[in-house]
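Following are the structures in question.
Shared between the two complexes below is chain A, which has chain B as its partner in the first and chain C in the second.
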Partner chain A sequence: MSPLTRLLEVVGRLFVGLLLAFLYLPIVIMGLMSFNASPFYMLPIEWSTTWYVQLAGNAQLVDASLYSLKIALATALIATTLGTAASLALFRYEFKGKKILQALLLPPIAIPWLITGTAMLVFFFGVGIGRGLHALILGHVALALPYVIIVNNARLKTFAPELEEAARSLGANQWQVTRRVTLPWIAPSVVAGALFAFAVSFDQFVVSYFLATPGQTTLPVEIYAAIRKGFTPEINAVSTIIIVLSMALMLFTARFYKFGGND
Partner chain B sequence: MASVEVRNLSRSFGTFKALDDVSISFEDGGFYALLGPSGSGKTTLLRLIAGFGYPDQGHIAIGGESVERVPLEKRNIGMVFQSYALFPNMNVFDNIAFGLDVRGVPREDAAREVRRALELVQLSELETRRPHQLSGGQRQRVALARAIVINPRVLLLDEPLGALDKALRLDMQVELKRIQREVGITTIFVTHDQEEALTMSDRIGILRAGQLVEEGAPEDIYRRPKTRFAATFLGEANIFEGIWTDGRLRLADGTLLETAPGAGRGATGEPGCCLIRPEQVRIAGENDGGTGNRLEGRITRRLFAGNWTTVFVDYQGKTIRVGQANTDFLKLEDGSKVTLAFSGSNTIPLQS
Partner chain C sequence: MNGNSTLAAHRSQGMKAAQLLFPAYLWLVLAVFLPLSAMVFFSFVTEMPFTGKPWSMTVANYAAFFTTGIYAKLLLSSLRLAFEVTFWCVVLGFPAAYVLAKVLKGRSREAIFLLVILPFWSNGLVRVFSWAMVLRSGGILDTLLNAVLPFKVDIDLIYSYPAVIIGLVHSYVPYIVLTCYLSLQAIDDSVIEAARSLGASRFTVLRRLIIPLSLPGIVAGAVLVFVPVIGSFMEPRILGGRTGTFYGTVIEDQFVAVFNWPLGAALSFILLAVVLFILAAASPVMRRSA
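Right, the complex of A and B next:
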């Protein structure tokens, strides 16, 4: 090995190390601090679960968390159902304007959420939808749909259309074909799409900030408000819970991907 | 089991006429090959019989029942795809059971039928395997079992052996034929492989540019084709062009070729052509008199292929192939003059 290669290898390792550190260190520190009795991040850590206890007593944070969870689950369910159906339609049929429709899926992902949120607020008030739970779910579903459709479309590209033809030639009706042949193949992307939808909704700040009614807000909005009023380590506690849950979900999905995939 | 009747069938894709007024009958229990180059419409014809899409014009009847507006899933046909199209999320047993399941056949009856089909294709020990754990030939058998287990009225095969290597293809030809005989099902298969069509089928339909050019038993089409296209597409052919003169073909050098009677004969003065198969041409000895057609030529090349030798003879600037299972041919020398002899009854007039 030449000295240059060795040098490059060292630089490469250093780069990866720094990358991982910047990604995960803040999270690890937050997790540790959520168990630190000192509200001012004093070291050494004095282990305690006070912040978790206080969090349980903080009705506002707990309410906001449950509200966010409710919206995210509803969004995931609705966006996954509609999005998967849309993907199947785009896969199966040729119709006028199909290309345009597919192209229209991409801009919503690129448009800043601030702009989408403002536009939604103006539009929802204009047509009388207003704000509140229904408006939040509607808005989040609209944001999440493109992700679901794009993830499913990618998976459907690997699906052989003859499989549907074969199933139909064997006497299966449209529903049987979908349920027994097509959906099993795209199951991994349906799950991935649902996770995306859940994440888009659960993480959503801007659109939620605009569409939530003042009394009842989502967790990201509540955290933002809490930080402005003065940071309390309860936020660390709630964030740690969310991170642990979402990591567990991701690991579970990764396993599912492995077993759901075919070759 | 049922016969299939196709009448005046047409189908276009945009401006491309994939099928143009095709009529053909498939008798009950027969084994039919649809043969043609790619783009000839053979696959379109098969897919229309299956019910993938509807014809622009014409009629299709299966077992006397008009089906051209019946959707695919209600036609009760068995279809084998070139890619086999086995369901990757199901094992061999479930793949074969699929058609019975969606029909609501009770589990126990379905299991019995599936086992019988597995036995028929000799795969009984593999029922729990997944498609990706099978070899090409095994997948082919599963696809076949899955298609016939539903007891379809017709079995449709789209280039079923196209994806197999040559040795396996020959085995599967024999196997497919055995299974078809055992089940006694009307079978239509699409192929571009003329040898496959000749060895397997009871009847062959040859298509070109969306039209049925010729149809008949393999031996008839091979020995006495009616059209130049069929003559050259199916097997090796020597074609002579000339002017018809009282049922004989006058070549450019004035030689008159005796020909067999047939619709391909034109009226005196009309241009036309005729066929003589390489294996029907003899190299005549020096004192070999005899009747029939005789042409003088010069050997240009000899091709030894084990059980077969082809000699290329130059006649008036045209290459004539002479094929024999005769190794004496090897003793002939390139450049030597020879007399070619072939009987008039094997010289077939062709429509161009």
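Right, the complex of A and C next:
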């Protein structure tokens, strides 16, 4: 290896290191400041858990968290069920218009949420669905469905269709084939899809912002309102909790999906 | 399987498929495709029909876009913002993807790759908020730099255009790293070695080999950054303050502050047309990778 090559590699590694610093610095600082007793973020840090204690007593934020959790769980359950069924059909059968159906999964992902969210608001009002819990679940499931189907389809590509045929020729009915042969194979992607759906819903701000009723909102909408009113250290604390939880969830998903892919 | 399949067999397959597909696609139609179509209708009315007020069809909402100039100007500034954010994302993301794909190996590559794309799956709103803390005057960055540097610096980036750029680049750079990494990894190392041993300089290899071969990844990543940034409103609001008025924030206002939903629908639909145009323009390049 020439000295120049070695130098370029060192520069390259340094660059990646700086990018990681750029990505994590604000998050780390936010986390540190959430443990700072000074509400004006004075340094040096005076360690304290005041803001976490206050947070626990903030009924509005606790309510919003539980509401978000409820919606995310419902979204994960519904999107995983409907999405897994759809991905099985897309894998198993040949039919006209299959390409179009696959292409239709892209708009909910590719169109900015501002457009989708405002369109949902206008339409749901127009047909009498309105805003609130049911509107939020309706919207969140639609955003999560494509992710579930795409993740499952990627896993199904590694599945040999002959296994289904073998089970069928041995007398298994369609449901038995699905439950005993296909689903065990795609279990990692079903779980990964469910976790994705949960994350899409729990972190969703834009669509929730338009579909939540002013009285009862989700956690991200509540945080947005609080930020616009002014900085409060309590928001640091709740933000730190969210970011740690959502990163842990994704780390878990990545590990889980990886393990599934290796066997 | 397709060779001897008759039309009847196809049809029965279609029926079975339909049972499994119906719930998911009905849901998508109800919650995404009907709303998007309905928005077209509502963009042509004077008042929202279900409020009880008299309403009629009109093109005034679109006329407002084309005659007043303010909305077109905001759309242009949103496009400019999207260009700048995409540019910085590529400048930061492509070299990092190259190092990940071609320099790092084994476990350290896996770990760093995961670290780069991890923030992207965490809450975007919270990440933007964390920058608001860092960038404000008398904030952390300020204090830290003044503690280290011998001269006084005053960093007051919050509520400025650069703050919006920083926040958006931070939000979207993982996309570029991801797509560029995938296409760079597909380039065979021996092709690069062959070019080098035939006397091509590093720069020539980059310009004639690596960039053309990874172009689909760059374009795909750029589109994934560009499209959501034109429609961004939360980041400009939090980091831009009074300077953060863009096309997205004006649409937001129509729905949550001014309550002129028909105008909001028309503005949203114009944005949708721009987005679809960009997706269509980029698709030939992206398809080359498939």
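Some points to look at:
By our rule, the second predicted complex is superposed on the first by the 247 of 263 C-alpha atoms of A that agree within 3 Å, B and C clash if a C-alpha of one lies under 4 Å from a C-alpha of the other, contacts with A are read in each partner's own complex, and residues count from 1 in each chain.
In the analysis below, contacts are C-beta pairs under 8 Å (C-beta built on N, C-alpha and C of every residue); 3 or more make two chains touch, one makes a residue touch a chain.
This one's a predicted model, so the numbers in the text were calculated from it and none came from an experiment.
After overlaying the two complexes on the shared chain, residue contacts for A:F124 are found with chain C alone; chain B is out of touch. Once the two complexes are overlaid on the shared chain, A:W185 sits against chain B while remaining clear of chain C. Contacts of A:A160 after superposition on the shared chain: chain B is touched, whereas chain C is not. By the touch criterion stated above, A:G193 is placed in contact with neither chain B nor chain C. Of the two partner chains placed by the overlay, only chain B lies in contact with A:L170; chain C stays clear of it.
More residues of chain A are touched by C (comparison of chain B with chain C). On chain A, the surface touched by chain B in one complex and the surface touched by chain C in the other have no residue in common. On chain B, the positions that touch chain A within their shared complex are 50-52, 72-79, 81, 83, 85-89, 98-99, 102-103, 132, 146-147, 150.
The part of chain C that touches chain A in the complex is made up of residues 1-2, 5, 10, 13-14, 16-21, 23-25, 27-28, 30-36, 38-39, 42, 48-50, 92-93, 95-96, 98-100, 103-104, 112, 114-116, 118-119, 121-127, 129-134, 138-140, 143-144, 147, 170, 173-174, 177, 202, 227-228, 230-234, 237-238, 248, 251-252, 255-256, 261, 264-265, 268, 271-272, 275, 279. Partner chain C is touched in their complex by these residues of chain A: 8-9, 12-13, 15-16, 19-20, 22-27, 29-30, 33, 40-41, 43, 82-83, 85-86, 88-90, 92-96, 101, 104-105, 107-108, 110-116, 118-126, 128, 138-139, 141-142, 145, 149, 199, 203, 205-206, 209-210, 220, 223-224, 227-228, 231, 235-236, 239, 242-243, 246-247, 250-251, 254.
Across the complex, chain B is touched by residues 160, 162-163, 165-173, 176, 180-181, 184-185, 262-263 of chain A.
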